[in-house]
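Both complexes shown next keep chain A, but they swap its partner, so chain B is in the first and chain C is in the second.
The block that comes next holds the complex of A and B.
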């Protein structure tokens, strides 16, 4: 039976732990690099962005309040589930980015390894970025890193899985919750990652994945008073400048977009963890 | 202050205060007659009511109309705190919020009233002195209403003595559901008398009345007994205020005014948390009873968290960007 009809997929958003359609009802077609139809994706609107921020804010208490060890375990579990769906990821990355199956598989492996690497960071951040401070007085002074809050992430436009994981995982490892706008042309790995997150132990609302146009939703997220930080990785240059300016209105943390999309396979170090952490310093009296 | 139970508290219901307005003066001559009257009211088409409420909920209210709706809804809010853990301090902070819901914006209207338990009405009265904001107090063994009539009336007098401008009473749902309509009627009459100058809101607790037919009957009963407002719920029972219930109550006040010339207010309470819900209710009023009821004198929202959502939406309209819960007070 080779004449079986293909199942044409229409994906939805991943928002607050559920898979709703876009509030606007819009969808758009996703094509591979040769122009063949792959699937329909939901085309998120600003109101989906608004709902996603509400969901992310609601989940922040649980996620940031979990112990670092527990967060690490949950994130590691995500990597396990990703590994189980590696074949699907590979197919989507190959079609979306025009890579050979072997190169796509290498990108997927790198993405899973990257996720595991960040999962390991959760309970080491306080040791590396925190400190006990020498103070001139009868006090014990120490500093600890704490998550910034709700982080809006404009995911890279070209690297649809490794790039996405490279910007999302550090936000989560630091204890933040995320509203992610995926690559517009290559959203399928992000959609599958949403399914992975929904079937692992990540609480609903910690990650909210919107497929659609960063240029449409980005400005609303940048101005939103309840978004604490924004990662501009996937914003094209003129838009990034504009978003940075409007983010200043509510004093957000802004992680600037590089001029060119970087090589995501390079070791990121702490460059993407540090921007989404706030340092809390405590002076505690000592002595009698 | 009336803290002592008065053995003569039972109101005299003969003539005057206890008589329903014309042309319904004789319907309460006996429980059987009253029952026949209430059960003779036209039945409610539940499916139709739900469909009507749903279709009115789809109206799109935007820009200037939305701004008007938000300000109107804010001015209709009965800002409520009815917790066992309420303190004078909490009531004072709620009163401050009632006066200036959005301290960053002087154009934001004040709310209609602050709703508290009777023992805290004095605190609220003092904190709201000179503002024109009313103090509403719940009484009559709120929220269950399970106490003897003497206790209920003493509760009302105490709240009025403490300075309440409005009394929110609960009906005896047990008596209502078992068909002792005249008992419920007489109790409302007695409470109304104990209120003196204070306005009386009658809580039907529609979540316990089960059917919309019963809601219509209870609405008529409360209006005939002299209630100034009919209110859906205590907020302690789920489901609380729903659009179909509100629709039926609005139809009741409309029909009652057409028959007697008396206008009665409506107050949905409990479960209204978002600006969207509030706007749906405003649409429902306008389409059911008309603009006469679009005023805090005739329509109220019993709510606590609704106000914050209204303020967030108001800030969104004013600034052009989304606001967040850090920009309104926590209560």
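The block that comes next holds the complex of A and C.
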């Protein structure tokens, strides 16, 4: 062992492609499952949430307008960069979730593979979910899936990396931009993921990662008029109901959370893609 | 400009036998409701057509229990092909009795007989025919190998297309193996009650379709009943919000088809005469009582004056009056309440500085009427450019560049539909791609078909009706 003193990382937010502290100046202590201090995480505020929505809206045109092939390559790039950082993620997941190094590594591997899986979906959604419509008249009609817009994601509280990637990757694969509130007690892998995203050609603002309390920021996101959908994965039942009710005010698409946090290693199918896709039907006359 | 005087060509109402009063259709039979009955009137004459039962909480509970029983014992276990056959029967019966339905729809709603005859009723039959074929093919719908029905669907529909909206709701629900409790709008309950007779003639098992009439309270009872698994609503965004709030925290699945404020974009290269026909169909079809109506006309500045002049000339030839006359283009406004809302919003149009134009001519003395109306000099901040009027009122604005057209079109909390008029194919594809709306008509408007998924972006709602995509609203899938 070297006697070199390590350089520790300051964990900040990932917002608009940059790594700012919370505008509130607040931080909170993050501990491992045995109660040892790990780091001070930025404690995101309502204002950080609103800034994140502005960044996500600003990035929506670029991301949704990119070709599906391009989005697929960018998401695959996330997997590539994550693979190179696997050891760091394993350490953070092991500490935060109290897993053995082998189990933590398995979760990291699954998270990387999930990016690969969704990377391959981007240019297949239109074929699988779209249609040409044989209307009874002289018209050519077709329907295409399109991204819903800005999606607020309350990330799972327990599975700090695999759970997070499992809810974030489909939002991006569908062409949406995201404002994510991390697990409150286990926020560190989210910020390290932000560092991966920042170096993977994901345009700034496409993903905004806020560490802090879903119960504090969630209500503002749920009622925000420029948020189009909300994923309640990390909201406990009473909060989830309150947020769903609040989201009704702007007719947001709401992805409800099951009572128990699911096993994130299961095949998700299209269940997390459909909720954040709209269908557009186009008609044009046929004639000479 | 003088118009040819047409001889009256009234459709006979003798084909319809309207009963003096109607009960609720629950568990395959008509029964009295326990609420206070209400009257339904012909909006073109203010004549009372019939007295209709109001479903109370207890009545709704009875209907939901009947639907649950039918789901568990009959409709759920039934061979899918047989469910399909019942729907084919219903489609055929609607076609056989099409004239009766068209006349009754026009009497109760006020829409021109030409539209109920050529659009509402044939499309309603088409929806049943289309979905009938899905009943035994659901494993091919892209929802996994064994998608399952949800159970009992509570459905609340509006008054603008009473029978057609019933078909949009009932046909997919039944095809996917669900049973339904449907509440028609209080101003237009009659075709739904005639549809109940169709269910009887088709020998549809009791409880599969239950029709509970009434006003808002009855609708609230339907959507908030704890044994309803699925809520489907078409109507105003305001009520849609209340329903989404009521459903929050439950396991109920929800789809909403709400309001709209569609932009209809006319580029300078569009054939003006065709575009004008499309603009007219876009806003004056069904008196503008259409959630996807093209109520915001965006015209490229260089052709604005030509388009408006041509539009006014065309509107001058529209015939407003007796909905039962086969020559009528615009019928009656559906209710006094809706007429008041249209008047209220158009008054804002003038006080906020827009210029109002209406054609000359008289309106009938009795009934609820509003002339086709065009506002020019409209700014995007005006209420008539933002709020859904749900009447024959068009707001005209201009743009210079394609980017400006898209920005103005998307500058709305709604996103149900839009239109684009241009002769340039690449431009049409670019603009349709950029419009944030669930249905985009290019060089046409207000076309509907059961194979084409319909539904909104943004605050126009969520979920789709029609097409393969529409089936997922009524199915549970692990995929």
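In this section, the second predicted complex is superposed on the first by the 278 of 288 C-alpha atoms of A that agree within 3 Å, B and C clash if a C-alpha of one lies under 4 Å from a C-alpha of the other, contacts with A are read in each partner's own complex, and residues count from 1 in each chain.
Operating definition for what follows: contacts are C-beta pairs under 8 Å (C-beta built on N, C-alpha and C of every residue); 3 or more make two chains touch, one makes a residue touch a chain.
Note that the structure is predicted; figures quoted are calculated from it, not measured.
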Fill in: Simultaneous placement of chain C and chain B on chain A, clash or fit
fit
Fill in: Partner with the higher number of touched chain A residues, chain C or chain B
C
Discussion item. After the superposition on A, what does A:50 contact: first (chain B), second (chain C), both or neither?
Written reply: first
Practice prompt. Look at A:249 in the shared chain and tell me whether it touches chain B only, chain C only, both, or neither; answer first, second, both or neither.
Written response: both
Worksheet item: For A:25, is the partner it touches chain B (first), chain C (second), both, or none of the two (neither)?
Response: neither
Worksheet item: Put simply, what angle do chain B and chain C open at chain A, by C-alpha centres, to the nearest 10°?
Response: 80
Worksheet item: In the superposed arrangement, which partner chain does A:35 touch: chain B (first), chain C (second), both, or neither?
Response: neither
Worksheet item: Who does A:223 touch here: chain B (first), chain C (second), both, or neither?
Response: first
Discussion item. So in the superposed three-chain picture, is A:281 touching just chain B, just chain C, both, or none of them (first/second/both/neither)?
Written reply: second
Worksheet item: In the superposed model, how near does chain B get to chain C, counting Cα atoms only, in Å?
Response: 5
Worksheet item: Looking at chain A, which of its residues have contacts with both chain B and chain C?
Response: 225, 249-250
Discussion item. Which stretch or stretches of chain A touch chain B in the complex?
Written reply: 50, 53, 57, 220, 223-227, 246, 249-250
Worksheet item: For the complex, which residues does chain C have touching chain A?
Response: 126, 142, 144, 237, 240-245, 248-249, 256, 258, 413, 428, 432, 435, 437-444, 447, 449, 451-455, 457-462, 464, 467-469, 472, 477-479
Response to the item:
Within their complex, chain B touches chain A through residues 315, 320-327
Practice prompt. Could you please specify the touching residues of chain A with respect to chain C in the complex?
Written response: 128-129, 131, 133-137, 139, 141, 143, 148, 225, 228, 240-241, 244-245, 247-251, 253-254, 269-271, 274, 278-285
